[in-house]
Structure formats: structure tokens, C-alpha cells
């Protein structure tokens, strides 16, 4: 089993609903350092998991849709807590759509899974893994 | 599959028994930077894997039982090598007990697995993964 | 010359004024991983730069005044860009006041300088150094 | 499930074949920070996954075969792209051979899997996992 | 004193001349993770040390002149050992030229110093600091 | 001004004297990740600050004198608190002696300063800087 990971980051504002969140119920924000991992059983004809340039570019585009935004104001996130876990799945699902659509190249259609990890600080991170 | 990880650390003294350990048979010590990962298939009603504040607090309490101690003098560790691997399992088992006891919240009872990684230096670390 | 550094973090929301900031003019946020460094020429009677527990506690208290807040709504920051650089100075100045007030202990009055570094991502950080 | 990881590094030159590689078709090089992870279900009689000294020494020897070389000139890599993914498998396979040959100790024959991760920069890494 | 640092990376091939370099006399390569630090006494009218977007873009352009190249073939480096230290000075000097030429903005002309650090692995790095 | 840093680590046991140390008055231990920085104004005839192999080897030898020991039992440290700060100076002084004795090479006699940083965890580190 092979895996390739690329890292980028995104800065957003948001707030949480629910007493469990304590002071994080107030409007605040986060830098997420984002790792996107792509998995497959065998290498493609170029000898890689996926073209690293394309992988980085697609991750950057997915994050640009979130960057420098107050997620509380985004219709797509209405009524949900945009927790680190939730956003990890969001980014993973957007990458999966792009893989299916061929935006990471034809060979990337053989990828078997994607994992996205969002680091919210040096002491906490969350991830979501899904098959393709 | 979702995962959430929180990081803390603990400083202990100990020694090892067995020629394979070479100079580590002498009384020495370690800082362990400890990552505790919690896994589940779906998010809880708050949209998270587990309350991050509770997770951090419980990890801190588990580590406090070890902190600033000579593990050679602890009855619980009599006759065993408190290797990084062994301690990773010890911390994971203590967290599992607390999850079962409801100390990470009611929703945490749906967690499926816990993984604990102890970094003993910048060039070596060990982990233990168990289901719940 | 001796130095001791402790690390903590804080999550905030804010926006910037000025065309140079591009999309960061929108309301967004950041996690700042914060390093506070204390300097002195000689060690204190306990053989340390400053009590590490006190240093960590004071840094945590200074950051708590910012944590989970929208800095655009804070009167103290009215009309200024709360850039990473600006906030590094803010934290350093608050720590300096606490050192002068004796909150880091009597021996800490011999500290010669404080440096605060705020990491806004894995690829950018800013710092401010001041004498005491 | 237990795991132990040791870290080392290696510096090499190489070039890639294929338009997808863009400027990396030119002769260039890389530092790979290499993590070798060893897995097993139960600890060995010494209470460890594998002797950490032996694991580090064997990883170092495997990397020494690549170190300070132009991989384009190595017969073993003739006609292939020595991508980060490819080299992760190469290192994992060499470690697996050494495990089977007893070079990590008799107890290491009970290891169940090895994973090798090569970090090519702070923003990209690749890994290969295989059973034993 | 304020400072701002941005991080990028570059991958190159080269060899060294001199018995002291041992196996590094052979053609090999390196990934350099590059930190460029900019210093000034006071913040500019926007409240920053330098525009972070411009700083990142200029560092990227300077590194692009080196990227994916065999430095042994570059006329600019003929007859010199392109050590990590040497390359840190090279990058710092190129950034200084761009600052003087106004490519980091008019306000950047008030920068007092630049420091460039090249990390050649997780266990070795070199830096060069110069005034402006 | 040029600088070169090499990293290594050491694991020790010790205890502290003084109420300020709280639970750290008990016998415990630490892993110190140790960075040794060497400074000079100009590069040596090989184009480096100091031979990196020699620098690493000398740091390793200095740390070997401490490794896997209970510092409370070392006559050299009788009656002192072997704090992170104190040990940073100890390592720096031992390196300075070796530089003066020529053990880092003849050209290393032109080094102007050495800085040693000991990381005791992911959230605390101390350093000592001295001229040569």
C-alpha cells in the first residue's frame, strides 16, 4: 500500500453552538494546517501515487473556497458546527469529487482512499478517512 | 472514519532489565510527548469525535499518575520493562477505562478505538492501538 | 546569556484594513502558536532563568485575555491591524508588565529581555523582542 | 497492535522521466527524512517491538547504500523513476529482507508489518506499507 | 525589534570538493527548507514588518533560480562549495537586492536586516544574517 | 554572520531541590533534544562554518558523558540543580573546550560563539550562548 501526502493551510473564522464548547461558542478563528493523503495499491505508469503538483494545486483550490472566510456566514455550513472533524470530512469529500472528475489526472482514478488531517494547533488535530 | 488527537507530555525516570538495553540498564529518564487519538465512524450530536477539552483533561490526569516518578519504584510496574511501547499500552488502557466509565462524556461511549503514541525523542516513538 | 522558552496557543478572529491584505480584509481567524522567551545573564538562586510553571501560567493568562475573541470588537485594538507582529508585541508587553509586578517571582525582576513569537501557520511566524 | 518508529535521513541526486514531472526532469536532488515503523501484535520477551538500537542501525545501513549517490547512475534503478513513493518501497523491502534474515534479532521475526515514510520536504511525504 | 519569517523549500543537486566532505564529494542532492526572516525596529503604516504575500513571493522567485538544478553546472557557483552556509548567504544577498530595488514594497526599504536559514535535514541547518 | 546547528539527544534522570520545583523534587527524568549552534563571521577555506561531521561527533561525545545516567549521582553536579538551563551551559562549555583544543579542526578555532539549546518537551526549552 502506497500513500502520498501534501500539506497546505487555511485561516478561517467561525463559532460553535452547544454548551460543551464553552468559550468557543464565541466568534473566534483558526489556522488549519491541512494534510491530504492519497492511497493506492500500486504506483501509476509514472511511478507515483499521484502527480504531486496536481495534488498540491487541487488541495490549494479546495482550501481557497474556505480561506479568509467567516464560516458562520457560508450557506453551505448553515446550522452545523464547523468543527475540525467536520471540516476534515468536507475537504476530503471535495478532493474525492475532484479525483472522480479527473482533475488529478486519469491515473488518479485508481486511488483507493483519501485521508485529510487538519491540525488546529500544536496540541490538537483531527482527520477523516474515506474510500474512493 | 473520524479521528481526533490531543497532545501532552510527561517526564519520568526508569531503568531496563536485559542485556539488549545496553547503557539503558542504568537508571535514566525520558520526556514522552504523548499523542492520544480517538476514533469513531460518525460524529456525535455536537459534530465532534469527542469533546476536546474533556479529552485533554483526561489525558492529563492519566499522565499525572506517572509524572515526575521513578517507575522502578511503582508497584504497578514491578518486574516489567517500562518501555515506550509498554507505556503506550498503559496510557491507552487507562484512557479506555475512562471512556467506558463515561468520563469523556456519554457520547464518547460510541468511540471505536484509541491509539496512543509516545515520542521518546525526535528520532524514535512507539504506539499502541486498541479497540473499545 | 541564558534563555528559557515556553509554548502555548490561542485562537482568535479578526480582519485587516488596507488593500495590501487582499482577501485577509475579510473577517477570518488564526491559531497562533505562541513562544515566550525570557532572557537573563545569570541563573537565579534556584539555578533557572525563571520558574517554568509560573512562566507557563502567566503566558496562559495573557493569552486567555485574547482567546476565542473577535479582535475587531475589542476596544483595546480599535483602529489598528492586529497583525501577527502587532500581537507579538502586545503579548510581550503584557508579560513585561507582569514581570515588573512580580507575578513571575521576585527573581524574575532580574530578567533582561522578553521575546514573543507567534506562529500563524507552518510557513509564517513573527516575533517581537524588548528589554526589561 | 504495537508499533515502533525510528527516524534517519539520506541525501541523494536523481532526475525523473515524463512530462508530468516538469522541471524535476532535470538532475536535482533531495534530502529524505526517513521514518521506519515496525508493527507486531504482542511485545517480545524484553517488552519491546524490536530492539531500538538494532532497528536504527539497520535503517542506517540500508540508507547508506543510497547516501550521497546519483540514483540515475545506479544499475539497480535503471529505467525507473526513483520517486519518493518508489524509494519508500525500496527501503521497506530492504528492511523486510533484513528482518527475515534475523539481522534485527530473533524476536523480530514475529514482526507483522513494516511501513517506511520518506519526507521530501516540510510539505510533502510518501509511504509504503507491507506485511512480513 | 520586530521580525517576520516565511518558509519555502528548494531541491538541488551538487557535490563538494575537499577531503573533509568524505562521501559528500560524490554528486548528491538536498532538499533545503528555507526560512527568510526580515527585521525592523518599527512596524510599517500597515502595521506589519513586510507584506507577507510579497515576502513569500520574492523568496519563491529567488529559490526558483536554484530549483531542480545541478549547482555544479551553474556558472555563478563555479569553483565554490555550495555548502548550506554558502547558499544561505546567496539567498540572503538576493533578497537584500530585491528589498533595495523595492520589490518587497516601498516600506520594506526600512528593513534593517535579513536572516536566511537553510535546513538540510531534521538534524542540521545553517544560517546567514546580514544588515541592509 | 554565519551559523551552523546540529541536533542530537540525551536521556537522563535527576531531581531538583527547592519548593519552587513542586513534584519535580522527586526523582524523574527527561529526554533533551539538543541543538548546538556554532557561529563565525566568515566561512573557512572549505566554505563552511565547521565540518558538520566533526561537529556532530563532538556533540555526541559530550552528550555520551551524560547519557543514561542519574545526574544526582554524578560528582560533577553535586549540590546543584541540573536544570535545563544549567545543562545547556554545561554542554556549551564542554564544546567550547573541545573547540579550543582543536577537536573540531584547526579552522574551528576561528569560531566566535557557541549556543546550546535543550528542548525538554514540545512546549519548553532553554539555551545558553557564550563567546569563544
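We just call them A, B, C, D, E and F in the order they show up, numbering each chain from 1.
The criterion applied here is as follows: a residue touches a chain if its C-beta (ideal position, glycine included) is under 8 Å from a C-beta of that chain, and two chains touch if they have at least 3 such contacts.
Please read all numbers here as calculations on a predicted model, not as lab measurements.
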Apart from subunit D, how do the chains cluster through contacts, with nothing moved? one piece
Pair joined by more contacting C-beta pairs (B-D or B-F): B-F
Looking at Cα centroids only, farthest away from subunit C lies chain D
Chain located farthest away, centre of subunit E as origin (C-alpha): B
Chain centre separation in whole Å, for subunit E relative to subunit A (CA means): 31
Averaged over CA atoms, how far is the centre of subunit E from the centre of subunit F? Could you give it in whole Å? 27
Quick check: how many Å separate the C-alpha centres of subunit B and subunit E? 41
Listing for subunit C: what residues touch at least two other chains? 7, 122-123
Can you list the residues on subunit D that touch subunit A in the complex? 18, 20-22, 80-86, 88-89, 122-130
Please name which positions on subunit E make contact with subunit D in the complex. 7, 9, 11-14, 23-24, 26-33, 67-70, 120-123
Given the complex, residues on subunit F that touch subunit E span 1-8, 43, 46-49, 51-53, 56, 105
